[in-house]
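Accompanying notes for the structure given below.
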């Protein structure tokens, strides 16, 4: 058994209650968006939550890298059937195309949106429809999205929001 | 940062190359099928691979429990949007119904089929169609399924087969 | 052979070029939304286009009824596996849950949005992402949605827009 | 209003009760398989049922052509987002990859399998799982598949079987 897994055996009783927090945003992201995504991924890992994302580049890759470098577990839910970005730990290959967006959101207890275009908007919409809290950083101004001042602020609120959404 | 994640940080450079092995079979499984699934899950974890399954009961739950109790990481790709069995670490909520079977298979580098009915048959078929090796224990006798004498035998071959399928 | 099908045999060479126009909106729609949807469905049929919708109630049912009563062909792409509203001619049972929204949009050459909440927003987003023109009646004010003064106006523009989107 | 649609207006009260019968099989089909598929499509149309298929080549195209040339309505549920074969009337673009197989089966009241490889096997499996009758012509020898002597025989039984499956 490798060291990650041995350790996990001891911590086993808690790990199924791990929160899963999604970071969503554009595959072609601006530098400040990637920076925010990196910080968000890092904080998600530091809070012991699992990062869920779409597994591709841009915001998704930066968040994965942040979570990965902070020792977190990263899950990439890919639209295709090939590998995702280099920081994905668990690879979910769907082949579903655009429909995989729905799975990213459904698999999250809370969603952090950073910038983003129409793909991100579709994810925000499904999150709000299914009652998942959405925390936004310079993203779509849709009623229901909670604007945050920084990635740290967004993750702190997401961790709290995910906890609440689980108890209901 | 919790202990699992701190440990993962050190082991980080390897974890993305983790094999993902699926165990498939019926949600209403016979005792010998559950026993085989438990042993398969255990061996998968001991080989440092991630267990992927459909996240529900029967063979899926027994395999998850085996992997979990051996300290492994378990992924449940659910047909619905509610929680899966108690041994699932990473929960992928799809809401896709029967179409989620395809994702279980696509997300695996190798597939172990234990018993099973028509749902399992659909997964075997997609695995063979997409070039994933399938190792069978008392399951459908379809050309291409490699019959195995025990869960240990199946996992040993799956680990080898998954490695080969990755290099091609 | 029944009369619909005999007639279709003569008109056969053209029917594959039929435009498919989606009407999207809420299953719990206000009376004015249902009225607009009915008129839109009617005009779609009168223009010889096929109505595509999500197959359920509210805006979907009103549009289906309008198209059906004007002699049109109606397609319902259902989230579940049971029957849709009584005015659906062709029933696509998906069992995909929220992910079926994506299929409604992808199957359309142009999209007419009437009112609607977050589900509709997710469809508008996917339509804009995939380059399908979206015509709106009292719906989400998203850049890219073309506001229309009436259902008749929306269908007229959709027929033109669908034609253009096919030539590119 | 074009002639197809005007006619449909009169026949309107019945058209929602149209049976939908799927023909499944390989995109690279042998000549005798294409011939059987053509005949099956033709008979489906002559029985006033709608042909549902995967929308691509081989068995799917031959069945579509048969139904289309007999004046029937053809539905192609495509794995991608581009157009299907030239005989498809209603185009359902899914972008779902292999997962679209499930939709072909769920949208059918009865399934006719002609030859076929692993994709076809996955469809047969889902059909049997969800209680749809499957009629086979030189296809997988799976318990539950009803072997038929000819396309005419298969369609005759499918029309009866679809009727029964609707009443239960």
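Going by the order they are written in, the chains are A, B, C and D; count residues from 1 in each one.
One rule holds in what follows: a contact is a pair of C-beta atoms (placed from the backbone, for glycine too) under 8 Å apart; a residue touches a chain by one contact, two chains touch by 3 or more.
Everything numeric here is computed off the predicted structure, so don't read it as measured data.
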The chain whose C-alpha centroid lies farthest from that of subunit D is chain A
When the contacting C-beta pairs are counted for C-D and for B-C, which pair yields the higher total?
-> C-D
When the C-alpha atoms of subunit B and subunit C are each averaged to a single point, how far apart are the two points in Å?
-> 40
Distance between the CA centroids of subunit C and subunit D (whole Å) is 24
Would you pick out the residues of subunit C that each touch at least 2 other chains?
-> 81, 94-99, 102-103, 106, 130
The subunit C residues in contact with subunit B across the complex are 81, 94-99
Residue positions on subunit B within touch of subunit A in the complex are 1-12, 14-16, 18, 20, 45-46, 48, 50, 68-73, 75, 77, 81, 86-96, 102-103, 106-107, 130
The answer for subunit B against subunit D in the complex is residues 96-99, 101-103, 106, 117-119, 121-122, 125-126, 128-130, 142, 144
